[in-house]
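The following pair of complexes shares a single chain, chain A, combined with chain B in the former and chain C in the latter.
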Partner chain A sequence: MSSKQLLRAYTYAIALLLYTPIAFMVVSSFNSSPYVGVWEGFTTYWYQLLLRDSEAHIALVNSLTIAIVSSTLSVSIALLAALQVRGRRLTAVDALVYPPIVMPEVAEAVALFLAFTYLGVEKGWLTVMLGHTAFNLAFAYVTLTVSRVRFEELEDAARTLGAGRLRIFKDIILPLAMPGIVAALAITFLLSFTNFIKTLFTTGPGFYTLPILIWNRARRPGISEFASQNALNALATLVTLTALSIAVAYTAYMLRKARR
Partner chain B sequence: MAGVEVRFEDVWKSYGAVIALRGVTLTAPGGRITVLLGPSGCGKTTLLKIAAGLLEPDRGRVYFNGVDYTRVPAERRDVGMVFQDLALFPHMSVFENVAFGLRVRGVRGLELERRVREVLDLVGLDRSFYNRRVTELSGGQQQRVALARALVIEPKVLLLDEPLAHLDYKVKQKLLEEVRRIQRSLRITTIYVTHDQLEAMAVGDVIAVMRDGYVVQVGTPREVYENPRDLYVASFFGDANILDSRFAGLNSDGLVALRFEDVILNPNGDVDVVYEGVVEDIVFQGAFVSLEVNVNNRSLRLLVPRREFVRQGVSLGSRVRVGWKLSDVRGFNSGRT
Partner chain C sequence: MVERSLVIAVAPLVVALLLLFYAPNIALVYYSFYDRVRGVFTVDFYLDVITNTVYLNVILYSLTIAVATVLATLALTLPVAVYIALYSRGFERILLLVIFTTPFWIDFLLRAWALKSLLYMVGVREGFLALMVGMVYDYIPFMLLPLYASLARIPPHIVDVARTLGAGALDIWARIIIPYAVPGVLVGSTLVLLMSFTELVIPSLLGGVRGFTVGPLIYTLILAGDDWGRGAALAIVITVLSVLSIVLAYRRFKGWLL
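For the complex of A and B:
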């Protein structure tokens, strides 16, 4: 076997490893049996069931609003920070921002839990959103600064041409920072949309997102038809699909940028 | 337009512990090109940025035609600046880069198009370039865009920071000619920063030689070349042998400068000092040939026209005579060196 063939075989093996569980989940969601592993014929019943699943609808709305608000908020704050500290290479801000990325998520989740409890904040949408944002901030900052364009000279050039601060931000900085902003939005949205541990620790009674709902049901499959294995597979398939389509849209945007 | 005179008065600037400018007083005459010449770190770019309003001096004043501009911010100064790295807007076309300064000023439509076209014609970029991305252009073309972008706003003063530093020789020569042509046709006061003495001589009406945050000497290229104020200027602006005063033929102590081309190879009379020596190095430079001659274990450099070199048939190891006139020896009154 040539090294090229070997590499190809290896690549296929990786892809197989990555996608088999997902493929299994997707196929199972069309199984008319409620149980995984017993094929009883094709059905779209579980998806029809989802249409009537009001808990899932609430969870979807919660997940989406949390992800949208948290990603927007964290990217806005990170952008301001990135614009303030640019120029110097590595700053105190960088040092402050990196730890959340390498910290074990559960430790951070516990910290958030303790902080909110100590402050006596009622846990729910706000605490989950703030918890996600605190964490997303680090990722947004890193994404925005990784391809740090040198703006200083461009700003100087624009100033000598008569442009004020607003004009410079609108016509120079924003267009040049846009690929970074889009990337940061995509990454933080997905981190937030798919997050489980931090949500679990920062949520309160009655507030749940899609991952939390899936977890609750997976623990007690007998509780209702909505919680049956393949109903969950249908729900998880939709969550995965949402995440994938955002990733694909992002890649398409970047490819278009690169081609121009 | 007569051109705006720019005057710096006792300008100081430091960055933390580093003092970039130590009391610079200098006048850039209206409608002329003033060159700030010096090695990197001498403060020339800092001075230029102060002229642009991008930096504020710690002390001292900047006047445009006698009006105090020290605190006028860059965006209200009407200066055109070409940056060392050009700082073209990478996300805009050639046309949009040049149009930016006009759009900021509210110029629109046909007027905008006409003025952009005029200035792009001036720097020699035709219509085929208008929609190109600046990142697709060659170094020389980018240079032209940067110049056009600075000129389109009809600035009071044109500031050029090492504008040709990254270009190869031929392109540089061509653009130097064009900078001169454009400046003459517009009669715009220009301050040109460079570390390259050849560039300085090629474009400068006035040369200000800088060192360690001071302006060491100001004059026309010829004045500075023929009467350097000290050894530093003598060896930085043009090349010179730095010699022991007595060896050079003077009856005093200290060091003196002797231009390479003022040393005459195998002179026939008409010189005041003559030594014998051995040719140790020959560097062919085209129109001139540079020779190194060892005289009593001292190295002397001389620059001989190629025809003269060929006529004399000198080669490595040849024994030759070298001589010079005392009037060509530059002594200094114990100035800083």
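For the complex of A and C:
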């Protein structure tokens, strides 16, 4: 076997390993035994159970509303800045934006916990959302400034042809900035939807998102039927599929844009 | 001179970052010096963190795990990066990149949970082995992508040209692949080292009694132990260590990166 074939076989073996646990989780979620590894036949019982799982419903609503509000808020604020920055490197702004990306997440989470505690704010939806927005702002700004968001030569052309400022914004600036906006929205939505560490430190008693619920149940599997291993696998499968479908939609959108 | 419209447009971003990121960090520094029980300012928490052998051992243990994770992911992903960058073409390259970037979109917690079930089935229970498998599994994409990015800069066909001119496999690795891989190795290693050093989820879910690293220690101090002073001081110490390692790595290798 040539070295190329050897490398190729190795590459696909690693790819397979990367997906084995996820595939196993999906298969297990259809196992009628509540325990992993004991196959007792195919069932959709765990998914039916999720329909009655009121804790999971509350967690889903919390995760979704926080991710939607936080991503929209952070992308709007970052877009306002990015449209005027026009791809220049502003050292002062960069110096403020990069620390939230570099700082260890657990340290940032502790800082948020202490600040909210100091202020005496009741921890829950708002504190979690604000905590997510803190790092989403940085990611949104970086995403929007690395992709080209302004095409000044086209704006000049439109102006020469008599377009007003509103028309230029609606028909030139916004459509051309769209790929960057979609990328920033997708990234910040997922960062927030799947965030665990910051949520753990900024949440209060009785408030939980999907990752927090999964964490609580994963640490004490079998404490109730809802927390049995395969019920948890069903819940984790749904969350994973949600994230994957957003990723696929995002990739398809980007590839289509790139081809044009 | 900065134009006024730029200042107005950037202002909300700056204010939001100051309120949501920088102000909380002031609280972090404040509590790392403030003894709530005695009501005085003190450096005892820092002294405790850097002299108490319990904390030191946890920091060293976490560093050891992080370094092992870096070495393992590097060894595992370098051949993959070489294959994708040098040998794959067209559709296969896109497919492989999609395959290896998709795990980025699935959260650590979910991947760690999926792995925990699988390891449970094959008889590996919580402990050091499960912890290391979990670390390597979760960080493979973070090492692979920087490696690929730097190897992708190798001019096409240079390997074929070298071979035609009589270079052996060893020459190709020593003279082409390794020199081009260096910046990627550096970026990937820094990334994986920093993230795995302060990891919370994987040690807690997979480590069992061997999972007491700095992440879980901070969690215990702050949320379970109510020991804000030591928790805050420890968080600052690991942040300083992280920032120092980034600065050192980039100072030293700036010429190779840019």
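In the analysis below, the second predicted complex is superposed on the first by the 232 of 260 C-alpha atoms of A that agree within 3 Å, B and C clash if a C-alpha of one lies under 4 Å from a C-alpha of the other, contacts with A are read in each partner's own complex, and residues count from 1 in each chain.
Rule of thumb we're sticking to: a residue touches a chain if its C-beta (ideal position, glycine included) is under 8 Å from a C-beta of that chain, and two chains touch if they have at least 3 such contacts.
Worth saying up front: this structure is predicted, and the values here are computed from it rather than measured.
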| item | value |
| --- | --- |
| Which superposed partner A:161 touches (first chain B, second chain C, both, neither) | first |
| First (chain B), second (chain C), both or neither touched by A:170 | neither |
| Which of chain B and chain C A:118 touches, first, second, both or neither | second |
| Touched partner set for A:57, first chain B, second chain C, both or neither | neither |
| Touched partner set for A:257, first chain B, second chain C, both or neither | neither |
| Residue contacts with chain A in the superposition, chain B compared against chain C | C |
| Touched partner set for A:153, first chain B, second chain C, both or neither | first |
| Partner chain in contact with A:137 - chain B first, chain C second, else both or neither | second |
| Residue ranges of chain C touching chain A (in the complex, touch as defined) | 5-6, 9-10, 12-14, 16-18, 20-28, 30-31, 76-77, 79-80, 82-84, 87, 96, 98-100, 102-103, 105-111, 113-118, 120-121, 137, 140-141, 169, 194, 197-198, 200-201, 204-205, 214-215, 218-219, 222-223, 228, 231-232, 235-236, 238-239, 242-243, 246 |
| Touch list for chain A against partner chain C, complex | 3-4, 7-8, 10-11, 14-15, 17-22, 24-25, 28, 36-37, 77-78, 80-81, 83-85, 90, 93, 96-97, 99-100, 102-108, 110-116, 118, 130-131, 133-135, 137-138, 141, 190, 194-197, 200-201, 211, 214-215, 218-219, 229, 232-233, 236, 239-240, 243-244, 246-247, 251 |
| For the chain B and chain A complex, residues of the former touching the latter | 49, 52-54, 73-81, 83, 85, 87-91, 100-101, 104-105, 149-150, 153, 159 |
| Complex contacts: residues of chain A adjacent to chain B | 153-154, 156-164, 167, 171-172, 175-176 |
